[in-house]
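Here the chain labels run A, B, C, D, E, F and G in written order, and each chain numbers its own residues starting at 1.
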């Protein structure tokens, strides 16, 4: 072997040795603490860093799982086995994550809710309308129809229906809660997707005012509360569902004059009837021919 | 002549000639009185009467609830029709008593109007001044409606050296203070002296904008011969009448953000407040009337009126001949900071200083366009904020950044939105930003 | 909603509801923009006078393509088309006035398209662009067609054009100082709109008097030029005197119409001074030490990049936090 | 120089007497960053930071905290700016002013440049541990959510 | 194709588009911008990069189990730098002209985030075969990006692609395209355009879901129970 | 401790293998690279001295200088690389001179980073060709915007004055150096 | 004078980022906040100067004498990487609080192309020791300038209505392109 090669080998070997030594020291001094759980979860993941979970990589996924913002079964690559393993590490059940969706708890659309005798001028956003006597609807609690919730939804899972109320598309909704935060009147709430009955009103107005202001307001008459065995309570002139005690069977829906408490589908169907949007109905008919309004 | 002023500000059209020559008229009792329980800043008053109770003019119908609060007196003799949520000139329904005048039924006598005992302003004690101001339910007439009694009771240890009476009336259109200064200079001076006595201050200044020469003359002759009182003529510029701006203009002091005029040794009272204090002490009158200007090109007969508190706006408007055909907007307060009304059932309140009815032409706004970053709003902002940036931050929800840029300092004077060539509703966005910042701060 | 209905609104008409203030000053964006267009008219006229009617073709091309690009992009992105606000017209007009006489209309069109598309629309349109769009267009042309854009024609009323160096190029490469009078009148080589100081000043003073343009930036630029140009002149006799600096090239034109562009200049008063002084400094450095005879365009673009930082560090002191 | 504040979010890992160690989730900023692969800690991609905690957070809390831009500037000047100047000064002195002539001039200049920086760091080490203190620590500003 | 084949195939294809190193991951920008004054240069650079990427991926995935994690990055760097030196030496020996053209950007392959990124993310965790596939995929993606960027810049900047003149002489070349500014602008506009396309496709997909799902949600629910 | 040893061993081995491998490849490549470089220099030398057939290096000066010879080994001039500042950065060129240094035979730009399409026109013949047979006494000069009138003048490129001037400056600079050195060395 | 020219050339005329495309990764990645961009630039300058010094010494005192110049890539990158780690270690040891303050927001980027590029350019341009250092300072200053300007602009753009497709890397590249255009004005300055 000629000298040149030896020199090269010596140089590189030496550099490698020195570098490794420096790193060894650095490693000792610089070791970063981390939540051991995150590391464990990370190890349990496939490590493909494919991004199919919607996170930056497996490590990010692990952080999010530990943080609780993503469900253990969120990794499509790893499948059920990984999900179980991760869930076991976290001490929670893998497949029990319930789908949470946003629900709009107001039915006072352009037709149902009285409008003021004024024309509002200014930015058409709920947050700003709320500052100027609350936009153009009379109700101080209801949806103003400015569409702030629509704007903030990054999943396009919410859109403004024809009568000015937002509609949530369950399939696209991830329950992220952005719309809940965006609504200045706290009309939108997150609920498990399988809940069917809601009180579609947030108005604390006195009965007389609420009747004047909106056809479908909860007047606070208390009929549902009396029949529900604690499933619904009256709070400051508004019926509020107590979900742990709630049994829809006990609710006398036909007694509610304004249908403020009703099934989600009824609320939607009425909205459909109320609007003359032929396209929407045609769409409904296309997808489900036997269901014609 | 060079008048004192502050840096920044704008020059909106003054339009005072509509009503500046109309002497005050006293409006007759209305057919109904809507008496909001919160006509002041602070906690709303607690009602003392039940539905269907008969109340006398001047009777206390709701008492102050807490330190920063004020009692409410009935402006008419009548029956309480209801207690509930009613229209309010803030735009949001509030708790209010509704009182209708009652005819005396047979065998009954209506209660006599009540007045407080008159006191001699010359010899009254400090404690009595404060007590009377509180009892009479006087609130600041400048717009914020801060209970006056609180302002006359400064915390221990604050050195106050000057009382400034705010006669700027920088809001366009309004002429109430102008008229007061012309018609009742002596009552104003008496009120000022009472305030000075209550605060133990020896220096009183009346600040008046240069566009009210008559008022300046009137006040100057009223203070003549009193070395501790003076009149200070100021440049006509909006918002000269804002507390901080007025102090800056009159004695050059700057009130730091988050501090009160008290902290720089100054107390500011409105002309109207001074008169109310004088009336409450010298004549025992509680705060049951509001002096206001009804003006604008949208009203048939602009007037300066003295109106019973609680009178619905619609009755006031009707009294002034009603709206014209092209009336477009009814604003309670001045056109720069006042609130547009959506419901003319809203009542006149203690601190209502004017009703301005603008016509289509006056309110026609150009379409909103993109911000050009021309910086006019920054030049105009009397508090040296960056309105355009703050508005954009508020719009985009970048609340922390807005907080860092002191959005909460904004007093919503509207100079920025007035001057903005792009017609951006800056005030609305700023208000939203402030609301969100406060919300965030509360969440901490 | 009241439980007691008193009276309807007396006339029954629908009232307006909006936030305060309820009054508004007379200025609107459109007005500001069209005033600037108006102020540019003298420059257009001077370009026609000195270089012939053909120049109108160039200017018109620039305007049409600038406005057209803006409209097209807004149409394609389904945004409201806002060419009537005049901002694109200004960009086109400015670009048309800073290219050399007899410049190819095709290149001008390309520059205008680039100015609007890349200089303005990718940033979100009016009000968001960091750099002055017209200068972006011009810098693009300079980089793309360096020969064509540095081929100057002497002003004359004859038909056949003769190539002649601009006063600055003449100075830089041949050490020839052009006397002041032709510089002021405009009887020299140079871009279409910039040669005549008189025309520029007429427009500029119109803008300053009406309050459309903020006086601080032009003032700062001229003060800066006297200062930096003067210092250099005193130190180095080979450097041209500051007055020559001011009247030669596009300095005045840039001071009045380019640097004072609202969007790409600072918003604060102090910031405007820093910005103007900075432009002058960089201009002098480029003119005296750089490879190019003229540097105003690059100095404005360069300072444009500083605007966000300038704005941040010249924030006015809050009222009450010390003297502002 | 006045820097702006940087807001970050993370999960509390541990708490001790008014301070909390926070694991910063790879936020949006990091996701975009093409340099993320080479972020400091060589063994793990997670970053932790010690912050002041006025709220009494618990392990597992999701918090928002602020890093003061001014502190960033100050720290970077102290840590990099001043040593940089020292090294430059030393090198220039070594190259132009004084040449001992016993080794390659460059090596000498290098040593002369490094020496003041080393001294500076030593001094800093001796005093800085006490003075630096908590003053530059980020602050928690918002507790966003607790893990149940 | 079996599932395994699909996944292997995917190892290759993902780098071509879904995770295209330049357009999607914004990696390896330095050569992407610097050498793409012509399509040829872009291709040569991409090939050189691919060579280094493939071989270092292969070596690293071979010895991945032997390397302690603390010296991981260091080892990768040495391996990569070795291959880069090889490429450089070979190019200087065999293609001196090209080597001069690409100048100092060949050695900078060492610090191309793309290469180190792949070692860290893929090769250190997978077997040599898959690693090589992955490397080839990324290399192809890189090649596509550099070639297209180079082609555009060459077309407008010198009227030609791969040296073949495509635009008539009447077309005045835009010199800016072969300047640094042109590189930034072209790549920025290209990425923006691609993003716009992707966004539009996403919008369409969402609209699809929207039109299909709304009625179903509610209608299906009402089938279960009648009031 | 075990990991530390593992780290040291691994990295050292990788370094050794890398160093060895590179040394071998370099052993293969180095002569080729040297040959390439020589070929390039040679080509440039002959490019600026079209008549010459052979060359030899001049050792008396501390920089590269080649004396070119005709078939018979008679000196026909000098070729030497020289460099200086251009518009954007360094320009390196080969200058060919007659033996009396009074006339330039030709020039060739070897390395430059001038503006493509503009400054790079210095590479092309309309400009470069002007140097063929250019007189160097008292020094090379340039004119702008008009054809040269004297034998020692070249016309600058429109729009690329600085690059053109840079070439002239470099030529003059190199010439000056050469003149003094050759005068001292008495090479003639 | 020569040194000033080298400095100006590296900082403005041939800006590392805008003309040589070196350090694009952090330029795009870390340029969204001025508070992190400027310190980042400063730290990079520091490392660049150290690199310039150390690689010059290695090249001229080790590689050249032993005729193993072809090892420069491998050795430079190893040296750069270990240098950065070493600096980080020192900083951490020297001041825990300051290190924490910068902490995660200012990662020293181990394999920043700008740093290796600097080492290579110094060899390529055959700079002397001091020239190399000034080149390093200039390159660092240019990098700091570019990244700080970009950070300021990007903060401004956060408030702008940039079309969705252009957010992030594309608009950053376009701004970089326009910055490069603006910097073209400095061309020719090195021929003072």
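In this text, contacts are C-beta pairs under 8 Å (C-beta built on N, C-alpha and C of every residue); 3 or more make two chains touch, one makes a residue touch a chain.
These numbers were taken from a predicted model, which means no experiment stands behind them.
Contact with both chain E and chain F is made by A, C, G.
With centres computed as the average of Cα coordinates, no chain lies farther from chain A than F.
In this assembly, the chain whose C-alpha centre lies farthest from chain G is B. Of the two interfaces, A-G and B-C, the higher number of touching C-beta pairs belongs to B-C. Rounded to whole angstrom units, the spacing between the C-alpha centres of chain A and chain E is 36. One inter-chain figure worth recording: chain C and chain D are separated by 43 Å, centre to centre, where each centre is the mean of the chain's CA atoms. Note on chain placement: the centre of chain C and the centre of chain E lie 40 Å apart, centres being C-alpha means. Look at where the CA atoms of chain A average out and do the same for chain F: the two points lie 70 Å apart. The set of chain A residues that touch two or more partner chains comprises 4, 7-8, 11-12, 15-16, 19-20, 23-24, 26-27, 30, 116-118, 121-122, 128, 131-133, 209.
Taken residue by residue, chain C touches two or more other chains at 1, 3, 9, 15-19, 118, 122, 125, 127-128, 140, 143, 146, 291, 312, whereas all remaining positions touch fewer. Among all residues of chain E, those that touch two or more other chains are 26-27, 29, 70-71, 73-74, 78, 81-82, 85, 89, 113, 116, 121, 175-176, 179, 181-182, 185, 189, 192. Of all residues in chain A, only 116-122, 128, 131-133, 136, 138, 208-209, 212-213 touch chain C in the complex they form.
On chain B, the positions that touch chain D within their shared complex are 400-401, 404, 440, 443-444. Those residues of chain F that touch chain C in the shared complex are 87, 115, 117-118, 144-145, 158-162.
Contacts from chain F toward chain E in the complex involve residues 3, 6-7, 10-11, 14-15, 18, 21-22, 25-26, 28-29, 32-33, 36-37, 40, 115-118. The part of chain G that touches chain D in the complex is made up of residues 25-26, 28-30, 32-36, 38-39, 42-43, 45-46, 49-50, 53-54, 56-57, 60-61, 85, 88, 90-91, 93-112, 129-130, 133, 137, 155, 168-169.
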